[in-house]
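Written below as structure tokens is the structure these notes are about.
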Amino acid sequence: MKTTLGVGMVGYSFMGAVHSHAWRTVHRVFDVPVEPAMVAVCGRDAAAAQRAAEKFGWQSTETDWRALIARPDIDIVDICTPGSSHAEIAIAALAAGKHVFCEKPLATTVAEAERMATAAAEAQSQGILSMVGFNYRRVPALALARELIREGRLGVIREVRSAYLQDWIADPDFPLVWRLKKEEAGAGALGDIGSHIIDASQFLVGSNIIGVSGLLETFIKERPLGQMTDGLRAESTTGQREMGAVTVDDAALFTARFAGGAIGSFEASRFAVGRKNGMSIEVYGSKGSLVFNFESMNELMFHDHTLDPLEAGFRRILVTEAGHPYLEGWWPPGHVIGYEHTFTNELKDFLDCLASKTPPEPSFADGLQVQRVLEAVETSSDSRSSWTDVKE
Amino acid sequence: MKTTLGVGMVGYSFMGAVHSHAWRTVHRVFDVPVEPAMVAVCGRDAAAAQRAAEKFGWQSTETDWRALIARPDIDIVDICTPGSSHAEIAIAALAAGKHVFCEKPLATTVAEAERMATAAAEAQSQGILSMVGFNYRRVPALALARELIREGRLGVIREVRSAYLQDWIADPDFPLVWRLKKEEAGAGALGDIGSHIIDASQFLVGSNIIGVSGLLETFIKERPLGQMTDGLRAESTTGQREMGAVTVDDAALFTARFAGGAIGSFEASRFAVGRKNGMSIEVYGSKGSLVFNFESMNELMFHDHTLDPLEAGFRRILVTEAGHPYLEGWWPPGHVIGYEHTFTNELKDFLDCLASKTPPEPSFADGLQVQRVLEAVETSSDSRSSWTDVKE
Amino acid sequence: MKTTLGVGMVGYSFMGAVHSHAWRTVHRVFDVPVEPAMVAVCGRDAAAAQRAAEKFGWQSTETDWRALIARPDIDIVDICTPGSSHAEIAIAALAAGKHVFCEKPLATTVAEAERMATAAAEAQSQGILSMVGFNYRRVPALALARELIREGRLGVIREVRSAYLQDWIADPDFPLVWRLKKEEAGAGALGDIGSHIIDASQFLVGSNIIGVSGLLETFIKERPLGQMTDGLRAESTTGQREMGAVTVDDAALFTARFAGGAIGSFEASRFAVGRKNGMSIEVYGSKGSLVFNFESMNELMFHDHTLDPLEAGFRRILVTEAGHPYLEGWWPPGHVIGYEHTFTNELKDFLDCLASKTPPEPSFADGLQVQRVLEAVETSSDSRSSWTDVKE
Amino acid sequence: MKTTLGVGMVGYSFMGAVHSHAWRTVHRVFDVPVEPAMVAVCGRDAAAAQRAAEKFGWQSTETDWRALIARPDIDIVDICTPGSSHAEIAIAALAAGKHVFCEKPLATTVAEAERMATAAAEAQSQGILSMVGFNYRRVPALALARELIREGRLGVIREVRSAYLQDWIADPDFPLVWRLKKEEAGAGALGDIGSHIIDASQFLVGSNIIGVSGLLETFIKERPLGQMTDGLRAESTTGQREMGAVTVDDAALFTARFAGGAIGSFEASRFAVGRKNGMSIEVYGSKGSLVFNFESMNELMFHDHTLDPLEAGFRRILVTEAGHPYLEGWWPPGHVIGYEHTFTNELKDFLDCLASKTPPEPSFADGLQVQRVLEAVETSSDSRSSWTDVKE
């Protein structure tokens, strides 16, 4: 017989909308052993929380996350707030015996992330599980890529070439939203989207980054002050012309070495005009290579270097077959899926782990390690790009 | 204040799963004036219907569509059954005062479609509305294409080049499922997927097909008998080796003339190996052209022939901006959507129409017109491809 | 020891320029058993012929093709004139004992082509060889495609989908050049570019077209009179506003059946705005499929349907390996080639055949067969697209 | 009246073959004010030089480059030898009053390059001109890109993303050819192909690289000894199993800053399996962006960020219009060109400059500046990737 687990979500902006969709959908498409109940959504603005609850289908609201955590009908706390609040909420939730699903990046500093990872490890010994939401691991094409690499189809991995390119703040008049303030966001492009390609590349290669040389740049130093609006597309201008300082990077470049011997090139930017969500990874090994770009997320390009050279080439695998990762829940071949499906896939794995009492991946420890890479990139950038080892 | 309308769905296989998803989602992402309630799902097999209800989130079940139609708590009947039963159910539902949302193709014969269109027209005079589910009209890229054409950006339309290529029955051992029997499906590739590109091309061009020359082919004349299994991926082999005759086309080619003067080339096939859901349309006008392929459904290629020729070229518009059709409900730029979103978008329009008492499009009359094109193609193919006018 | 053969070329416009380039290059990149000497170029306008000789590197000029044919220092006659003069020149040249390389289409009527094929057959019995210049057979990617099909990699060929799309006369003010007059060009898009895809598809499939249903259209019925200017880009407007009738098709659609059982869809158009030289062929078989587009002429897309479906997909073979057809003469992998290389490759084969006394392909008989397909398409179009068998 | 200039070429391997082709072709397709005469080819092996002369069409041979330089019938010396001999030959040729066309990279050390640049400057004051062969500047698509950037269409350039990926030495059994020895080649991937993307990116951006952080890697430290074979595809294995040390980089990554404020990411590798000649550049500015990949060298992708966002997107410009750079010499739209055309285009500019007594670009000074960037990358890589300024 199926069990139902109560979910409480903190935050209801862009990530809150996407997570709501995934909680509503996961048991409708996958055969999961436990079903989620959308018990409560939490936000400081009571009216806005109420609107979010009605819109997204949550049964109740809270305005204080401590109250949410205290509720006995809540088994899972889902954290969708800005990064600076992750540590406090997550640690408290774990202490209260709630499973935690926390959006990425895990935290805004290594110190916070360390405390979170410690709390998660302790909770785990009590059967309380946690996961950090690097959703790109659940893109079917990337999950397939990981399988191919794990099976040795690429041989020895030699080079990783990855970028996450967006353009939403290329306009100097775009306002100073929270994602552009270090105290709330922790980092800029590096933390927000660079963290995704760090996690995804380590996931694919199966080996961690051990050292980096970084170069951060802030092209626009000041922006008009702005206020967040509700909902998904919060980040519009307000017409205000009072200016404030941008305290995070607009673009981040770094080179890296992986423990397994591969070298890597990384780039995260919110100024690459024409790129909307251009998260791309190329992995080159001795026996083959893989290329992925999120804007064509249903496709994985695979070059099998062991084939006759006269017939070899990058093969476009449309990752929509029933046997592909996560596709058992979705549609027939060629009936492509989209962005929010990666979150539904993620929750499927999370629920499977809760039922089987298996620690889900990526763990808070994984999130901490990504945080250490981010910190190393910043440290290197601050010291003339000098090579900087990632702490273990 | 919002009103809730009760929905009863007949059929729960592939289309039933997709429709359920859309009914569950539409009011969560769009601001619709009426909200759907998933009241009942109907299927002849009581246990299977129960499983579908639990899986997809329907409140109750029926095993006789007549009982479903009779329920006072149902305002909308959604028909997801094979084409041969559409006419009877739809006409009865309309007569019972229910709004009807009917999957495509509208029917299996022109005669049935005519009766349905007549019933729909009569019902409409009573405020009862109906719509046929050519969902590709609600692909944002195609909706954008229609806007560009309507605004005259392509000038005079001269040529349409369209294909719908799949490969799921290329294997001669694939069993004789209902889609391969004329009495249930009406037609083969022509009716199932050819109908989509007929509707989509007429929708884009804004002008109907008035004559055709057709060529149908059945490559595999006999197949092992097979039984449908439940759910999305019903059409697997059964191991039976008793053979039955394939009575529909495997592939259909036709040329066409549109009322507005354009000429067109059409191809529907389930034998194009490597093509999974390759529904493509190219439209060439005097001032520009458009290219679309569903396997990259978030993209529209647009060539503006009025630009300086040294700078002109096909432009890949990633149709994910908030201002693009239907995107107000979805995610930020570059965060692509998938197949089932087209159904959610479709229901948004349907609910908007119900609320505003506006006849939705495509209407049953539109569905009838597509049926007449299908019939003309078959007639032409049966008479050595002779040019055959489409009845008006 | 190598032999040198004297070449005389008739015509010096676009094709003349390209052929000159190929004659100048073929022995510089390939190891050919006989070397060409560029002895004379022939044109009615003495001054223009002289300019062409100097520009393209011909040793002398003639103003009468009969004089050219009569020269003892000429062994090969290369015919680059408009189609209406091919028959007379080619038949005379063969009668004079000259090998003939004739541009496509072979002729403007079946009757002419029949006489040419007869003359070629007679000459062949005397050791005098001839070839028609369907240069696309010598695109390395298409030569590789043929090899793959010949080896059975595609299994049974079921469908061919081909188009040749250009846009150079989409502007109604483009003048009435010779290619738009039936008496000189024979046919419009159908003959000029449709003939290429007929030949290429038959070459690939290894089976001839045996019947067709055609639809021809002339969008612009009258155009300003214009005069040809010299050289490559002859076809510019003259400013004259006196109008003349366009007597050929602007676009041609047809469906076809091949002797081997495949069906095909063909489209040739000069009105597909945005398409510059969009010659494309898709071939679908039971075991695999191939896709080619000339605008990316160094690439062949190959789907191997015998692979694990979870790993299958269209593979982009960059046809630039030393072992690929014709590539032994060109550059290292990835160092792509262009349009005129197909002519150089063609002459390599022609010279090889002359040296080995092997009849080259495509022969005049092959050119005649293409002419019969063109005629059948026109006949069908004139009789309401009725199915029309291609004469054997 | 036209003048003819005598050309003497030193070296006859891959580059020699390509240059020969360009010398043979340039005046046949372009209207150049001076025509080249292919007077002599020079190589130490007399028989091989003779074969090259016959094959490529040179009138005579020399076995000592000093003798070549001394010939009065030679006006231009074309240097196609390995980089370590460039300085000696070029300086001597300039001193002898010969115009010099020197393949890239200019030299193997900054010191050599400085002497060459000094010699070139002195010679220039005597009317003797020189040019270094960064042929990618003459890819029409990149020349168009430069024009667009120069006209301000991209606004302020912010980011450059460039890679040159090949895979020809990915196999550890590939022999130790001269390109893998520091004393002959100067550098590995960095010098051979990295120099191309350094030059091309500076050319496009219109601003020099002023500092870098580099990371070099040699994956395969030892390889079987091998001997060069003649001709284009010299670099095959010899079967010898005696091993020698690889003394250059297999892959090079670096980040960079341009004088104008842009930042850049660069990668050169010969281990990126599946990439054959994958030279790519992306340039992101405030008003637009450009993307190029040599494997599709006739295409330039242009995103105009000033367009309505609902219609904007990367536009594929097929750079084959008569009005595009260098295309006046080539074929009609869509009739694509290939690799060696870039050399023919380069020689067109060189000859134009010689005739007009204008210093050609890129100059030896430009070649020296690239050499300084290469040196800075190596210096940085040797000092833990520390930021290293490029000398001015």
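As written, the chains take the letters A, B, C and D, and residue 1 is the first residue of each chain.
Heads up, the rule we're going with is that contacts are C-beta pairs under 8 Å (C-beta built on N, C-alpha and C of every residue); 3 or more make two chains touch, one makes a residue touch a chain.
Note that the structure is predicted; figures quoted are calculated from it, not measured.
Common partners of chain B and chain C, by the touch rule above, are A, D. Taking the mean of C-alpha positions as each chain's centre, the chain lying farthest from the centre of chain B is D.
Look at where the CA atoms of chain B average out and do the same for chain D: the two points lie 54 Å apart.
The mean-CA centres of chain A and chain B are about 35 angstrom from one another, to the nearest whole unit. Between chain A and chain D the centroid-to-centroid distance comes to 41 Å (mean Cα coordinates, whole Å). Residue positions 275, 312-314, 318 of chain D are each in touch with at least two other chains. Across the complex, chain D meets chain A through its residues 158-159, 161, 163, 167, 170, 213, 215, 217, 219, 251, 253-255, 257, 263-265, 267, 269, 271-275, 282, 284-289, 303, 305, 312-314, 380, 384-387.
The residues of chain C lying in touch with chain D in their complex are 14, 18, 20-21, 24-25, 28-29, 55-57, 166, 168, 232-233, 275-278, 294-298, 318, 320, 322, 331-341.
Within the complex formed with chain B, the chain D residues making contact are 144, 302, 309-318, 321, 323-324.
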